[in-house]
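This is the structure I have questions about; it appears just below.
Should a chain be cited, it is by its letter among A, B and C, assigned in written order, with residues numbered from 1 in that chain.
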Amino acid sequence: MREITLSTAVNEAIAEEMRRDETIFLIGEDVAEAGTPFKITSGLVEEFGTDRVIDTPIAEPGFMGIAVGAAMTGSRPIVDLMFGDFIFLIMDQLCNQAAKTHYMSGGKLNVPLVLRTNMGATRRSAAQHSQSLHAIVAHIPGLKVAMPSSALEAKGLLKTAIRDNNPVVIFEDKLMYQDKAEVPEGELLIPFGVANVKREGSDITLVGTSSMVQVAEKAAEILAAEGISAEVIDPRTIVPLDMDTINTSVRKTSRCIVIDEGHQSFGITSEIASRIMEQSFYHLDGPVIRMGAMDVPIPFSPALEDITVPTPEGVVAVARRLMAGEMINVS
Amino acid sequence: MSHDVIMPALGMAQDSGLLVSWFKQSGDAVAIGDALFEVETDKATMEVEAQHAGFLTQVAAKSGDEVPVGQVIAVIAASQDAAVPIASVAEEQPPQFAAKEDALPEGQSIIMPALGMTQDTGLLVNWLKQPGDAVSADEVLFEVETDKSTMEVTAGVDGFVAALLAAAGEDVPVGHDVAIISSAKPETLMQRTRGDVPTPAAAPSLPATQSPVAPPPGDLKRTEKRQLQPKSSRILASPKTRRLAYERGLDLQKLVEAGHVQPYHVSDLAALQNISADTPVSIAAPALRRLTAKISAVPFGEIMSFVSEKSSGPTAGAVISGLAAGAWASGGSDLIVAYRHFSTTQLFSNPHGIGLGKALPDQANVEAQLLINDLRQSAISSIENCSDGLPTLTILSQGDQFSFTFECGAGQISADAALSFLTEFAGRMEQPLRHLL
Amino acid sequence: MSPTNPKNNSDEYLRMFRQMVRIRCFEDQANQLYLSAKMPGLTHMYSGEEAVAVGICEALKVTDKITSTHRGHGHCVAKGADFKQMFCELLGKEEGYCRGKGGSMHIADQSNGNLGANAIVGGSMGIATGSALSAKRLGRDDVTVCFFGDGATAQGLMYEVMNMAALWTLPVIYACENNGYSEYTRTDEIAAGSITARAEAFGIEAFKVDGQDVLAVNDLAQKLVARCRKGEGPFFIELETYRYHGHHVGDINREYYRAKDEEKQWHETRDPIKNFGKWLTDEGLSTQEDLEAIQAEIKADAATAVAYALEAKYPDATEVDMHVFVETA
């Protein structure tokens, strides 16, 4: 099977959908000729024209609000938000308007909009360009949240998002744009709310999101050499969240670590760990451990930045202690 | 067509307004926009205008009244013929109290609620509403003290307190009436104590509207003091371990006793399984102590022959129990011995463990602490595990020797005491005269 | 007032009159609902500004879109909404336009092109502009009117979207209802410089008009709507108007920020309904009796609708978690 980069996968998804449905358009900063700074949308303006690939001024609340209004009146916009950190700028349009319009109108108005943005640290981009803010968005009823962990998910989840009639926020890990993965030719739609068991195991469950799936897989390799069999699960979407797959796994292994690049406190790991505790309590042979990014603004210096995010070695260390039945106080 | 004049909504946080003064009198003609009355609010005094034209009638509030928002305080009638005036809010006479023997006022009965599985009565601590007060369904009406804590009980219905049927400090059986709430403001009120009524008022059954309210979190400090059961020391184990142990009938306490380090995980269950397999499950068969001794029977035989020639001499039982009591370290208190010879059992009392035992009458209501099985003349040559709970001393004859077997439960007598007892007894039986005198 | 052809448009004029009266009657009833403590929450009265909503909406088709504000009943009625469903929505009843889930501040009437009132000041400016983008992209000749108040000119979003509307020549009309007050503060204390100049800075043609003169408003609106359909938009209108009530229905003691004399002045000399009524009778297009009859009839309609809404049922509890998401087929 062919291998393509995550960037190409996203490009393909957008192009295929725009060919299929002419109400879809792309809007954001530098999305046209420049193809975004990450060179993801290159080639699209040449095929679809400036009517459908629209460059905006640096006015995030403005073009987000415009996208919401366009979505309410028959268009299907894909909004490109250059850095996930800028979500804070568009919160009113995203959370007060887009998320709530269907509900506040008693089901009469829809907002079929996709917001594509990114996450992930260790790029030396410092505190305001390195955040992973999916937890903040997942907290708002009315928004769906997808987190592709490879080129395959990037294409399949984006296409599903574009066809969804709800506002969907997709977070791509900005460090993965050049990573390749096997992506089949032809139509590829990955459903929301279905987790993927990436590696089977029997001793411990590792739930990871986005690039943390790769971290978990590397940890699983190391653990396997020590005779510990780890199962790796990629939820793929946070809203909706597939707890059935996660619970089945935890009930099999009775131990779990949840790994995510959002901050340690009050985030995705806390939610998933809580749900596992509630739903699989009597099957747990140890506490569910959360591993997120440190509760610090992401530092610039490489010496500091790299220690703020979970690593395979870190996961392995926690897994060993869980297997040994030690009391772990992560806090 | 007539229109109500109401106390209008006045601002976001206000529930009532103070009516300062009327600009129109009952019977006056009013036009739309005329100022009718002045209201004082948090911020200022404002005028309320007439929304309809007509004649002002049925003025039901006067200057100085605090009127709830939304309440009708007058009517603008189409014509001047006034309708029946309604009672003014403030001109109402204070409600009268009925005599305690009078019939109960109309309304919903409020009962002492069920408080817990073993409780029949609740101590009514205090009332939070008084007769005549308005009350809403989820307001607290009274507080009850139970075994464990003080609970708040809500009214359960909207209305006015028409009667209180128990006083603070009284015990009220569960299900009995404690109050009556009427839907309209009552004209007569009643306040009684349970002491006023010789017979209970209502059958104990819970109406659907009322349920006791759990003490709010703020009360936790008060209730904690009343906890009776002490906290047991917890065993730390994972939920899965506990569940599997429960399912398999295993007791985690055994792991603790066996010295396994906590917290316990599923992998510890294998060890627990082994421990449980070793110890049999039955409660009976405690560990037994068994001691034997042999002495020459001759000295005792000579004494007994000498004694039996005398008509009033002591019996063998008295002698043996006296010697046994002397050997028993009973700290100077009485040792009751059951002496069994052939098929009869005689109780002997041995105060201070000195001298001969004193035979007790058959009806004596005492528990023996030591059983002596005198099998000297029987054909039994050895026994084992033949005690039925009491420490048992068996005397057997073997030629010209006595064989003593002493058996007792490990928990009844310490090893040292058992050794000491049998040694002493054997010694005394070898030189009986010396110890009896 | 100087309409182009009085006699031919008498039906339209009477319709304008009726619509303004409908708004006034609706607001009077809504105010009463609040004062008699029957309405949950708060609402914001449009009374006094009728000519703005009616003048503009009478120039629009059903398929044209509007976005509204927290002071949105006027726009909603003017764009064709039904009394019963509006009152039901204000009271949180199931038959409301939004099944009781939006309330006064989020009332939306999608079938009449009303994309919704918005509780965020300036919050619907992006939506209006996006609606215009959709129309242009999808080849429809819809025009979108964005209603907002003078207070919203303080929001950054307004400048962002006007900039893009101008860059992309979108068919949107920004209608600023300047009623002199931004909540409890006078406009001249919150808006520096000129409001119309703000739009002109983006190269957007901006107009000022007397918001109490329904004919002047309508005349201007018709011209600009026609130009929008030809792709000449966007446009900006500043309408000078006045709200009779306080910022919201509970804002009753307001002398500390607005003089009673000023209010009286506007009531007596600048009332849009009274003045238009006078014009109609002066021009011989109607009589005093007829106008009064219209007012009485509409008043009765409103009373009936309110009575209906008060008795109507609330949505079932099972609806609480419906419509969070659109069900994907």
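Going forward, contacts are C-beta pairs under 8 Å (C-beta built on N, C-alpha and C of every residue); 3 or more make two chains touch, one makes a residue touch a chain.
This one's a predicted model, so the numbers in the text were calculated from it and none came from an experiment.
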item	value
Chain of greatest Cα-centre distance to chain A	B
Chain pair with more C-beta contacts, A-B versus A-C	A-C
Chain closest to the middle [Cα centroid of all protein chains]	A
Whole-Å gap between the CA centroids of chain B and chain C	67
Between chain A and chain C, centroid-to-centroid distance (C-alpha), Å	41
Computed distance of Cα centres, chain B from chain A, in Å	55
Multi-partner residues of chain A (at least 2 other chains)	none
Interfacial residue positions of chain A with respect to chain C in the complex	23, 25, 51-52, 54, 56-57, 59, 61-75, 77, 92-93, 96-97, 101-110, 112, 141-142, 144, 163-166
Sites on chain B touched by chain C in the complex	6, 8-12, 41, 43-44, 46, 51, 69-70
Partner chain A, residues of chain C touching it in the complex	65, 67, 96-102, 106, 108, 110, 115-116, 118, 120, 123-135, 137-138, 142, 144, 156-157, 160-161, 163-164, 167-168, 322-326, 328
Residue ranges of chain C in contact with chain B within the complex	32, 34-38, 42, 249-250, 252-253, 255
Parts of chain A lying in touch with chain B, wherever the complex brings them together	254, 281-286, 325, 327
